[in-house]
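Look for chain A in each of the two complexes below; its partner is chain B in the first and chain C in the second.
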Partner chain A sequence: MTKKKKILFTAGTHAGLILFISFLLFPLFWLTVTSLKSTTEIYSGSANMFPHIISWSHYASVVREEHILQSMWNSLIVGIISTIGSVALALPASYALVRYKSPANNAVLGWILSSQIFPAVLLVIPLYVILRNLHMTDSLFGLSLVYIVWSLPFVLWMLHGYMKGVPVELEEAAMMDGATTTQVLFRVLFPILLPAIGASAVFSFVSSWNEFFFALVLLKRPDYITLPVELAQYTGMEGQARTGPLAAASVIATIPSLLVFIVMRRWFASGLIAGAVKE
Partner chain B sequence: MLAHKKNRRQLALLLPILLPVVLISVLPLMRGVYLGFTDYRLGDEVHFNGYENYVQLFHDTFFWQSFRVGIVWTVAVTAGQILLGLGLALLLNTRIRFSSIYAVLMLVPWAMPPIIRGIVWRQLFDLDTGAVNVIFSALGIIDKPINWLSSFEYAIPAVIIAGIWGEVPKAAVFLLAGLQAIPHSLYEAARIDGASRSNELRHITLPSLKPILAAIVSLSFMWNFNTFGIVWVLTQGGPGGLTRLPMLAAYEEAFRYGYVGYAAAIGNVMVVVISLILFAYLRIELKERISPAKV
Partner chain C sequence: MRSLTILISCIVVASLLFLFVFNQKTEDRSDQPTKLRFVSLAWQEQALATNHSIVDEWNALHPEIQVDYVQGSWNSIYDYLITSFETGDVPDVFHYESGIIVDFAVRGYLTNLAPMLSDDTKHDILDIAWSSVTRSNGEVVGIPFLIESLVTLYNRDAFEQARIVAPTASNPWTWDELMSNAKHLTKDIDGDGNIDQWGVGIGLRSSANIIMNLSISFGGSYFYKENNAYVVRVGEPERKLLNVIHRSLYYDNSAAPSSIGQTGANMLPGFMSGKFAMLVGIGAWARQQLVENAPKSFRWGVIPPLKAENQNTGISTQTLSIPKKSKRQKEAMAFIEFMLNSQNAARLAKSDWMLPARKSCLAMKEFNTSPDGWDVVTNGVRFLKTGSWLGVPGYVEWKSRVVNPMLQELFANRLSVDEAARRIEVESNIVLQRHQMRDPQW
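Now for the complex of A and B:
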């Protein structure tokens, strides 16, 4: 390629990317702007791209509303439990899938694929009955358990794909030195698998933080409600007073997942490449 | 190692997932499928009633309407997210400067829970204060503000655009991972042979991407058909049931009216419909991949 052509190509690529990213970012930008406008300005009829005066009052009212803070806390707890749980359960299981061949493998792999087809509505009523028998309805732990199993197919699939690429000789050497399976798993494999574990953790945290349907049906007590359910209650009745605080709460609700994406970015990318693609 | 000892060790490793998977996924799913063949109402006893629910579904115009819009929504959102996601992934894969910043920024919609996506787009589509009306008016595309989400003409396209916007990042991330896994040697060989960029795309990139493309299309199709949250907030299925996706219809049957058996029957039909469509799609995909080798 000539130099001129190359410059054009680079400029075109940047232009295309900026266009794409603007489309993807604009709604969050708009939400942020709305959250910083005063209620009078939101309803002044002149929808400005920037607020006249930056007003933090909507954020203040979110913080004052204990329900919203409580629901964020609940979402955070459920997200952390289900992330740790799904990775901790999937790690030994994916090891078993890769290193031992047996009919059980096909059953697990079959479940991974078929579980994605079933709509949550088929699951939720019987699940409610089972959780009630275990005294785990209206419990953050019960919901976490559901999320663990809900994100397991994907986490298993990624770890399984990644682990396939790890040479068996490494473990054999450790075994020779007298290491047990558990030690091999946590001392030898864990460090190698970190990118895939990171990517799975990101995936399961975000899917738990975002989940709505199960939380809507399974949790009834107001003090256990998660953030999406809490915020969904405010829509449909957003009179003039509601738009601003709802925007502020929505901005805050976006931050945790976004932080997780940013912090885990490198692992996320490399874990995905090897885990989800190499098949 | 002895065979039974090996089996026992494998079982020990699998046991931690088997218990929760059976208890939280397999058993309730089987029970849920069974409920689709009963007249179960919330609080009542469960009576098997064979295929009666399905006869009733067949004559239920709301059900047909919700499946029609479900298919339109699923095909449109899946196609949109894959095409835009592929475009985005191809641009990012050029590894130009700042591409890692772009790659993080593009994740923003994914970081927003579907409920928040609904809240944002409700505000964007708002009649009086929404950005869509403001921008379109300024550009002269529309004369007067439109109430997008409650108009019979625009509600479905509006909901689909919000849906595509939310699902693009997932597609882009997976396709980018797929692109980065294509061995560099392939491109180097092509460049020696003097292939142009468009030739590279057609003869190396897209064929190498095909397996992951098929996977992400299938997954997105299933996920989109089962969508609930974003539309729940955007329109609650309105106006007049126009955007009532199958999951919304099933939710209403079960939790608004208490017809759990009927709702489960809707769920069962959803499973059959998705399976048939995916089966047809994968058959075509696989055939395409096998046939050139035969020639």
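Now for the complex of A and C:
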């Protein structure tokens, strides 16, 4: 390939990437722009790319009048508990499935995978009854338990794939040097598994942060409402919505999720492809 | 050492979690006044403020019965309620609409409120509103408090420029007159070959409600009772409105093509910006959006109900109901009586820009003034009729799975009116038969 062709190819690739990224970012951009327009401008029907006059009134209204901060706090609590819970359960489970060979392993993995087949709407009533018997309906902890169970199969599969790629020789070498099983787990395996753990944690956190249906059904008290349920309340009859406040609340809601992703993006990227190829 | 630290951390986390759960349980157990849970679907800012204010007033007056206000949403209330009914953890009072609660009652989820009504409530609410929540066995499944009526809005400037005189209550337009004026109003204003102003916009995305309610003026019914069972017929009276709309979209070109994929609410910005000279079949609540969000120079009005064989339209009401599994039904009813007394019912209707269901409210001056079209909307009450579909087992499923998709295909010109009518009949009756087999007592 000549130098000119190379330059053209690189420019074409970059142009394609810029277009693709613009396509992905446009909804977020439009959401932010809408949140900064006045209500009259939103209803004017003109699709301006930028607001005529930047208005913070929707943000002020969301923070002042609504329960957005409380619902964000609730979502954060639920997200943290479910993330810690699902990773803490999936990590030893995946280790056992990889290291301790048994005829039941494949059956267990198949069963875990098959649990993902059932739609939420099918599970919600039995789940509700179980939680009610445990006095855990209308409780953020009860909802966190549901999220742990809900995200566990995927997290387990992710960690299982990564764990399979870690050579057993590393553990054996550490043991030869006198390390105990605990030391092997925490000093040898844990640092190697960190990218996968990070990626699983991001997945678990984001899925619980965005989950709507279980939160809607399982939480009744207004002060326990989570963010997606709070956002749904900005919509009214016949698909109408309080567009300005809804956009402002959605921008606020996106921030923590975005921050978690930015902080852990390196882990997330490397963790996602972890275990994809068996060497 | 590090393992010990990790172990201690685990214990601390576990203890915190335990405390978290324990705290929640002790909160529930402590002595408190009777608590009622009220799920409201108010969502416009004024309506939210009014609902909160009424609940606060009740709580101040009744320290022994405290109401927890729970904000519901229209998009998710159906799933929320179904799971509540099935699991038994129900709100004590909930806000919804007549077309759906009757279906809930058929499935045995709701308390019959007839024996609990006060004389004032019983006699002051319009009979037509009661008919929207009364089963054929006499059970009252909700208290109607807001009437959702469909109106036609028009752009005064567009009418004046086209020298069209808006109809009045004493001299209403027929559908033919509406469509002929719509053709007049459809214009390419800037001469670029594209139409800039359409005569009418109609939110047709989920059009079952609009079509069925407006078909009544053509003598359309959709539901007929044969051999003690409901059947759907799309005969000549039902096809008339379908033909009118289909013709305006594809032959007269007076209805905006964007009508097909949008709800009435989605079309409001277009109406405000002058893209549609009239907006047909939109809820009376839309006036609030015009008052609050339209440019100051935008002048609009409300057209009285259109005439076909008559001016009748179907009624749909917003209601408060008590689930059968509520353990505090008496207290819940007392709260409803307070919430919907004449004064509060007027406040609720005014803040939601809908008609109150009480006669005493309708007589109030504020619902009979010309600005914002209150007089025209209130005057339309006399044309409200109960749709034949109210209380039909399976109506909710029928509407969402059969009629809405079929009408979408019709208005997208993928089906002719005859073909759509034939398919609606066949598919509707499959759904109805299934439900009627399940509920033979109906």
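By our rule, the second predicted complex is superposed on the first by the 253 of 279 C-alpha atoms of A that agree within 3 Å, B and C clash if a C-alpha of one lies under 4 Å from a C-alpha of the other, contacts with A are read in each partner's own complex, and residues count from 1 in each chain.
Criterion: a contact is a pair of C-beta atoms (placed from the backbone, for glycine too) under 8 Å apart; a residue touches a chain by one contact, two chains touch by 3 or more.
Note that this is a predicted model, so its numbers are computed, not measured.
Asker: Overlaying on chain A: chain B and chain C, fit or clash?
Answerer: clash
Asker: Name the contact category of A:L36: first (chain B only), second (chain C only), both, or neither.
Answerer: After superposing on A, A:L36 lies clear of both chain B and chain C.
Asker: Contacts for A:F261 in the overlay, against chain B (first) and chain C (second): which applies, first, second, both or neither?
Answerer: Once the two structures are laid over each other on A, A:F261 reaches chain B alone.
Asker: Scan A:K220 for contacts with chain B and chain C and give back first, second, both or neither.
Answerer: second
Asker: Mind working out whether A:R242 is in touch with chain B, chain C, both or neither, as first, second, both or neither?
Answerer: The answer is second: A:R242 touches chain C but not chain B.
Asker: Kindly classify A:A90 by the partners it touches after superposition: chain B alone (first), chain C alone (second), both, or neither?
Answerer: Touch status of A:A90: first partner only.
Asker: Which holds for A:S139: it touches chain B only (first), chain C only (second), both, or neither?
Answerer: second
Asker: Specify the partner with more touching residues on chain A, choosing between chain B and chain C.
Answerer: Of chain B and chain C, B contacts more residues of chain A.
Asker: Regarding the shared-chain residue A:V121, is it in contact with chain B (first), chain C (second), both, or neither?
Answerer: So A:V121 meets both chain B and chain C here.
Asker: By the touch definition at the top of the document, which applies to A:A232: first (chain B), second (chain C), both, or neither?
Answerer: It touches chain B and chain C both.
Asker: If we overlay the two complexes on their shared chain A, which of chain B and chain C does A:V155 touch? Say first, second, both or neither.
Answerer: Neither partner.
Asker: Does any part of chain A touch chain B in one structure and chain C in the other, and if so which residues?
Answerer: The answer is residues 42-43, 45, 121, 124-125, 212-213, 217, 229, 232, 235-236 of chain A.
Asker: Within their complex, state which residues of chain B touch chain A.
Answerer: Residues in contact with chain A: 6-7, 9-11, 13-14, 16-17, 20-21, 23-29, 31-33, 35-36, 84, 87-88, 91-92, 94, 96, 98-100, 102-124, 128-131, 133-134, 165, 168-169, 173-174, 176-178, 180-181, 211-212, 219, 222-223, 225-226, 228-229, 232-233, 236, 246-247, 250-251, 254-255, 260, 263-264, 266-268, 270-271, 274-275, 278.
Asker: Can you list the chain A residues touching chain C in their complex?
Answerer: Its residues touching chain C are 39-40, 42-46, 65, 81, 84, 121, 124-125, 128-129, 132, 135-141, 182-183, 186-187, 212-213, 216-217, 220-222, 225, 229, 232-240, 242.
Asker: Which positions of chain C touch chain A when the two form their complex?
Answerer: Touching chain A: residues 2-3, 6, 13, 17, 20-21, 24-25, 28, 37, 41, 43-45, 68-76, 79-80, 83-84, 86-87, 89, 91, 203, 205-206, 263-266, 268-270, 272-273, 275, 283, 285, 289, 292-295 of chain C.
Asker: Going by the contact rule at the top, pick out the chain A residues touching chain B in the complex.
Answerer: So the residues of chain A touching chain B come out as 10, 13-14, 16-17, 20-21, 23-28, 30-31, 34, 42-43, 45, 47, 88-90, 92-93, 95-96, 100, 102, 104, 108, 111, 115-127, 130, 145-146, 148-149, 152, 156, 181, 206, 209-213, 217, 227-229, 231-232, 235-236, 243, 246-247, 250, 253-254, 257-258, 260-262, 265, 268-269, 272-274, 276-279.
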